[in-house]
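Each in structure tokens, the structures are laid out below.
Next, two complexes with chain A in common: one pairs it with chain B, the other with chain C.
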Partner chain A sequence: MQLIVNGILMGAIISIGAVGLTLVSRILHFFYFGYAAMLVYGAYLTMTLFNDVGLPLLPSVLISLPLLSLLAILIDKITFKNLRERGTGPFGMMVVGIGLELFLRSSVRLLWGSDVMRYDLPIRRAIVFPFNVRITPNQLVIISAAFALMILLHVFLDQTKIGKAMRATADNIDLARVRGIDTERVITWTWVIASISAGFAGFFLALDTRLVPIMGWKLLLPLFAAVILGGVGNPYGALAGGMIIGISQEVSAGFITPTYKPAVAFVIMTITLLIKPSGLFGRGGQG
Partner chain B sequence: MSGAVGFLVFFLTYAVVYGILALGLNIQWGFTGLVNFGVAGFFAVGAYIAAFMTGTPSPYHLGGFGLPFPVGLLIAMGVSGIFALILGFPVIRLREDYLAIVTIGFAEIVRLIIVTEKNITKGPYGMGVIKPYKDLVPASYYSLLYLGIALLVLAILYVAMERAVRSPWGRALRTLREDERVAIAFGKNVNSFKLQVLVLGSMIFGLAGAVFGHFFNFITPNHFLPMETFLVWVMVMAGGSGNNIGVLLGALAVRGLWEGMMFLSDVLPRGIQIGAIRLAVIGLLLVLVVMVKPEGILGEKKTASDILGE
Partner chain C sequence: MTLLSAEDIVSGYGKVEILHEVSVYVDEEEMVSIIGPNGSGKSTLMKTIFGMVDVWEGRVDFQAESIVDIPPHKIVRKGLCYVPQEKNIFPSLTVEENLDMGAFIRKDDYSEELERVYGIFPALLEKQKQVVGNLSGGQQQMVAMGAALTLDPKILLLDEPTAGLAPNLAKMILDKIKEVNETGVAILIVEQNAREALKLSNRGYVLAMGENRFTGNSRDLLKNEEVGKLYLGG
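On to the complex of A and B.
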């Protein structure tokens, strides 16, 4: 039982992060490794606002998100926009994304140092539920906030005009363009959603564990696994994929050495690619 | 040997190791267009396998079979090739961006296994590697001897690679890099060629690992972080994909930059981490190569007949 609850917690964190990654992968047409750095920046900006500036926790998170969006859009304007105009293929974009990941991760080390850090919160005792399941108050907050976010994301993608345009672009970029959707504007919004997604995932991960510059990179493999399992470009698939990956990883710890958790994500991802590259839910899948 | 000469020998040996890696990636990416982000994984396999083979018996890790150094190199290459075959057989037909993620995942799993299986590898504590032929010369000249051995390995490999890429086989690789459909139209089995190249290149990474281990005489999982993979990518992309001399110069230049940044610590304020700066510079280089000079400094030599002209 405890393993399943851990899995749901991890699944919630991966799901929230995977939504942004799947939209970026599909709408920008490449797998963005720099996404890992966005998670890390989200977690660290929140830490600075909370620990150093002294804001309450929720406003710290909410202020870090527009900062993260600005950074993401600025990076896009400097790098990817040029490459898009030049017609650079997905591979070139991916290499630039890796370069950015290395650069941004190092900048975190230079700005905040390499030491392990945490949010200045009192350590509270875990609540014991039936079946001797232990959950800390922080973890309860993460799980409920993650589900609330999922509903908000659904409302955004389903009800708002820009949300629909994003889904349309994710579905078929040429068709969306023909129908008069301003794809550059959609791309800007994609970075905003990706920042919210990455920012929260980074914050949740840091709240549950600690802050280290490598934390984003370590989550990247499970994130990609969730994106591919759910079908690239399918936000609902990413949510489901994230849950499946999270639960499988944690439950596997009951059978194999826990250090092999990332291997579970890797195996699920590779099998998906071999059997059904379009993911669990069919459509999409062409990156 | 004096400090400066000693450092130069150390630097050059290190550059030779990366030169071997760069030649391996050049056959995969440069000539065939095959994406492999798992360089560090095969590098690690080669280093550890060779260490088991040539080492003296030990209860704390696998082997210590006391085999001669060249045999260790060959077995390291063979095992790396087998790993590549097992990985490549199912995944070789994946599109390049998926292949990128799968190979990077593979390298991370290899590192996880090395960290976790302490009975085999001594895990994060790292394991010692012998100095081959150390009785041939006085101890103070040994590093020079090893540089010679490493250079010999690199030279043999370079000649072999140049011959391979000029052969009909090499021409087929370039064809499938430029347009897979053309290669298929000529009756080439594209996936079979890609698998051959994945295995061959990975054997070369394994060889590099073996040369590295016996040079450093101590290996830990931290020598095989994903960053090593991207370091080799920078060397190949900046030096000129598809040009063996270009990627060797790339290896020398990037290694030079890497070591050179050490001297920054005298200039920079205290507390600034050189490791972070190095990684940031490598990251920037990757971005710049794609944005400014995608063909690299040297670029590929024209291989068409002179009669065809430009």
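On to the complex of A and C.
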């Protein structure tokens, strides 16, 4: 039971992070490794605002998100926008993404140091539920906030015009252009959503564990696994994929050494690619 | 009155010239077919008119106004819509959302156009909330055309709307296109089912090797022995 609850917690974090990654991957047509650094930046910016500036926790998170969005959009305008205009292929983009990841991760070490850090929060005792399931109040907050975020994301993508345009662009960017959708604006919005997604995932992960510059990189594999499992570009698939990866990783710890947790994500990802490359919630007909 | 005219178009991809001085025109409310063997430049002509392929020489006029060098998303606003042969829908969006995206640039009310689309394609009404990627090929074509119709265009450019469809389905789609045409929308259509398309059209063009080969009203083209033997399968 405890393992399943841990799995839901991990799944919630992965799901939230995977939504942004899946949209970025699809709309920009490559797997963005720098996404890991966005998670880390989200977590560290929140820490600075909370620990050092002394803001309450929720405003710290909410202020870190626009900062993170600005950073992401700036990076896009400097690097990827130029590459898009020159018609650089996905391979070139991906290499630039890896470079950005290394650069940004190092900048975290430069700005905040390499030491393990944590949010200055009092340590609170876990609440014991039936079946001897232990959940800390923080974890309860993470799970409920993650589900609330999923609902908000759904409303945004399903009901707003820009949300629909974003899914349309993810589906078929050429047709979106023909239909008069300003795809550069959609890309900017995609970075905003990706920042919110990465910012929260980074914050949740740091809240549940601690802050280290490598934390985003370690979460990247399960994130990619969730994205592929759910079908690249499908935000709902990413949410479901994140849950499946999270739960299977944690539950596997009951049978095999926890060190192999990341391998579980890798195995699921490989099996998906072999059996159904379009993902569990594939994209039907075209695309 | 002439609605759309392309005169002496020369265009191609990279350095390869595909069209060598091709001319076509469409009058208001007219249905015109372009037929010809594979590789004759039919699709390239459509893309050139719609601004997706650069015009090297010649001119394209829509409502007596040049549309050369105007990007597709602006041409759409003038009332000229293009339905590509492939990837002409958003597969993970529902029928309703696909139609909304068709009308993306409209800020006014387009419920009348939606009603017309569902009137012509009643099959879509039942599938409104379904994801288009899961629909049949014929229904996907209906969505693609319906999305273009939400802009209330003066002319529709259709690039092989029946590609990959079973014969009876292809016939049904072509009849639907005629129905759209009868509501006053001019149609310029590239079609593999040449005979069927010509029967429904007012006029036709036969392209071969990137040049105008035959031009005339459909009845004459259908009767022309050479056209029949070479391009209509005997």
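Things to note:
Note that the second predicted complex is superposed on the first by the 283 of 287 C-alpha atoms of A that agree within 3 Å, B and C clash if a C-alpha of one lies under 4 Å from a C-alpha of the other, contacts with A are read in each partner's own complex, and residues count from 1 in each chain.
Just so it is clear, a contact is a pair of C-beta atoms (placed from the backbone, for glycine too) under 8 Å apart; a residue touches a chain by one contact, two chains touch by 3 or more.
Since the model is a prediction, treat every value here as computed from it, not as a measurement.
Contact comparison for chain A: of chain B and chain C, B touches the greater number of residues. Touch criterion met: A:105 reaches chain B, while chain C stays clear of it.
Of the two partner chains placed by superposition, only chain C is touched by A:171; chain B is not. Contacts of A:179 after superposition: chain C is touched, whereas chain B is not reached. Judged by the touch definition given at the top, the superposed model places A:234 against chain C, while chain B stays out of reach. Of the two partner chains placed by the overlay, neither chain B nor chain C lies in contact with A:205. Once the two complexes are laid over each other on the shared chain, residue contacts for A:150 go to neither chain B nor chain C. Comparing the two interfaces of chain A, the one with chain B and the one with chain C have residues 287 in common. Only residues 50, 52, 72-73, 76-77, 82, 84, 86-93, 97, 100-102, 104-105, 131-135, 137, 140, 147 of chain C touch chain A when the two sit together in their complex.
Interface residues of chain A facing chain C in the complex, by the touch rule stated above, are 161, 164-165, 167-168, 170-172, 174-181, 233-234, 283-287. Every residue of chain B that touches chain A in the complex is listed here, in rising order: 35, 90-91, 94-98, 100-102, 104-106, 108-109, 112, 115-116, 226-227, 230, 233, 237, 272-273, 275-280, 282-291, 294. Residues 30-31, 79, 82-83, 88, 90-92, 94-96, 98-107, 109-110, 114, 217, 221, 224, 228, 257, 259-260, 262-263, 265-266, 269-270, 273-274, 277, 287 of chain A are the ones touching chain B in the complex.
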